[in-house]
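To keep things clear, I will list the structure first and then write my remarks on it.
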Amino acid sequence: MLELRLVQGSLLKKVLESIKDLVNDANFDCSSTGFSLQAMDSSHVALVSLLLRSEGFEHYRCDRNLSMGMNLGNMSKMLKCAGNDDIITIKADDGGDTVTFMFESPKQDKIADFEMKLMDIDSEHLGIPDAEYQSIVRMPSNEFSRICKDLSSIGDTVVISVTKEGVKFSTAGDIGTANIVLRQNTTVDKPEDAIVIEMKEPVSLSFALRYMNSFTKATPLSDTVTISLSSELPVVVEYKVAEMGYIRYYLAPKIEEDEEDTKA
Amino acid sequence: MLELRLVQGSLLKKVLESIKDLVNDANFDCSSTGFSLQAMDSSHVALVSLLLRSEGFEHYRCDRNLSMGMNLGNMSKMLKCAGNDDIITIKADDGGDTVTFMFESPKQDKIADFEMKLMDIDSEHLGIPDAEYQSIVRMPSNEFSRICKDLSSIGDTVVISVTKEGVKFSTAGDIGTANIVLRQNTTVDKPEDAIVIEMKEPVSLSFALRYMNSFTKATPLSDTVTISLSSELPVVVEYKVAEMGYIRYYLAPKIEEDEEDTKA
Amino acid sequence: MLELRLVQGSLLKKVLESIKDLVNDANFDCSSTGFSLQAMDSSHVALVSLLLRSEGFEHYRCDRNLSMGMNLGNMSKMLKCAGNDDIITIKADDGGDTVTFMFESPKQDKIADFEMKLMDIDSEHLGIPDAEYQSIVRMPSNEFSRICKDLSSIGDTVVISVTKEGVKFSTAGDIGTANIVLRQNTTVDKPEDAIVIEMKEPVSLSFALRYMNSFTKATPLSDTVTISLSSELPVVVEYKVAEMGYIRYYLAPKIEEDEEDTKA
């Protein structure tokens, strides 16, 4: 039997909004340590990895490991029916073919339960090795979202370059070129406004803006985003989910050839 | 001659928004007691009944009973041109073929008058007998609107069931089932937040969500909605219009056969 | 060399939004006195005239007169990437074929530069003679915008009539007629709320609402708008751009024949 009670139910609503455009169907894996998901996007280019640790739930009961295949579009439709202040409980029986989402209003005068059929989904769990990154940028998530959106109006590919001076986001397209440079800035009033650049080695990599824009759907989850870059490794774009976990997006850089096209 | 001056003109704007999607053309009936409308929706399934009592107008002159046929879409276009704080006056001559809407800004520096052709509309006024209802639910109107909208993302039909425990709204569709239960709750800070259930007999009836969602267009008119239910009677969904009247929607329950389909 | 630094960069963003729907491609003319544009709309009916005086810029360097042909749609895409508090600098080399827009965030931790190709655009600069107007109306710009939008839901043409009583905006269409009268009102708390009518001679002229609605895209630039009217002269609809200039729209009145159609 599975029963996971999340007081801050809006987190689960935001998690779904962060992945439903990228992934249609996926297995949610429940174990004693947490509720997680790992899935390739539908074009098999980007990887999403979600973890919500068991300690983050008010009540977490998972008698045995369960993998529940869900259509994320349908799951999102149901979660949209939860109020932003509702407590959400996920329930399933071992061996059952449905999952139930229960929404309790803070005043307990409204209780909703939504039951959804589970699906059988083939999926292989990829091992993601820990890696050392040449450069790691931490910045306000809404600034990153704004930059990706702005550059998309000019070009299709973003070149992210980290040097001692800062991090540069560049693109080029039919109507012209664009370069946006952020300097390290840690003297800020609110720590979430800081721009922190940890550079071991300078790095310059190209990525499809389309995917970056999908990743920024997670912006409401966290005030900051961390971008980890290394040549020949997929970039990791990470958003923390409160104190209880994270959502990470992995995307392979475009090869040299493509990069040429986007140089200003 | 007809001259009705309504200081809170926004009420008339909201009334039009509440009925214009349901009814295309209708007769507004003016008598010494008030300004009223009764009309079937365009598919002849639901009935709308509006009453604005003469006492609610700052000035109410209606020399003889008048029935004015109007296209509600066009009337709504004109009323949208009134500011939310404007005073609205409805004017017509006996036997004339036009109606004039006059909008006065609160500071009296802007006066608009919009003249619209009247139409000849055949309509029979149905007598709606007073009835005893098995159960009456009073609840916040935005909560009812939210529930109808949420359930529409899952199914087409809502089953409304009133028992001692409370009122349950249920639906079922391809992606799963949903049940939302509200408990009576009268210990609230604001009286309009109360959920009050007057149950003489338990009742369980099915309705098309499409119509319920049309009715909830009246939500801006009133903080509360009253739902009156009896087997073999149309449901009445009523919104008060300030202290001066009401808008009531009538909808026949779906027959047993349909109900089966929606059982969870 | 050209280098124009505008601290209140949002003004330039708003200027572009005010003209990009009316004009596709246009020459911006830079001289020692200012940055200006004059262009016919794409259907060659209305004329737009923009002036930003050199004194309004924090830094203004223009070594020799330059005429820079730009696609306003593309320019607008780039300016939308500037934050509302950003400082915008326009840069170009004499004889170069590109222009660069630089955006600096107020905290100087984000610097963006967008480079756009210039175009060769044939254009003749029309001399606009100073004229005496029979009537000049100054009113809140959002009120003018609202009136044009409201009348558009009824008809295609607006008749603007100025008399001693005030200014009247009228239209007529299939669903009826509309008249909106504004009275002079100078006893207001905020000077920008005043309605000031300078009438030398009464005047009544007809204009296509489609163009008037395009002109009101400039509403965010200024709290007030000035409408200058004379028989047999194009109307001038003017919005001030802060203390540094203006944007003026010119539109010829419709001829008598058309006017007849719109009389109530």
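Here the chain labels run A, B and C in written order, and each chain numbers its own residues starting at 1.
Here is the rule we use: a residue touches a chain if its C-beta (ideal position, glycine included) is under 8 Å from a C-beta of that chain, and two chains touch if they have at least 3 such contacts.
Computed from a predicted model, the values in this text were never measured in an experiment.
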Q) Which contact partners do chain A and chain B have in common? A) C
Q | Interface composition of copies chain A and chain C: same or different, split at half | A | different
(Q) Can you work out the whole-Å distance between the CA centroids of chain A and chain C? (A) 44
Q: Could you tell me which residues belong to chain C and also touch two or more other chains?
A: none
Q. Which of the residues in chain C end up touching chain A in this complex?
A. 71, 74, 77-78, 80-81, 98, 107-117
**Q.** Touching residues on chain B, where the partner in the complex is chain A
**A.** 143, 150-151, 153-154, 175-183, 185, 195, 264
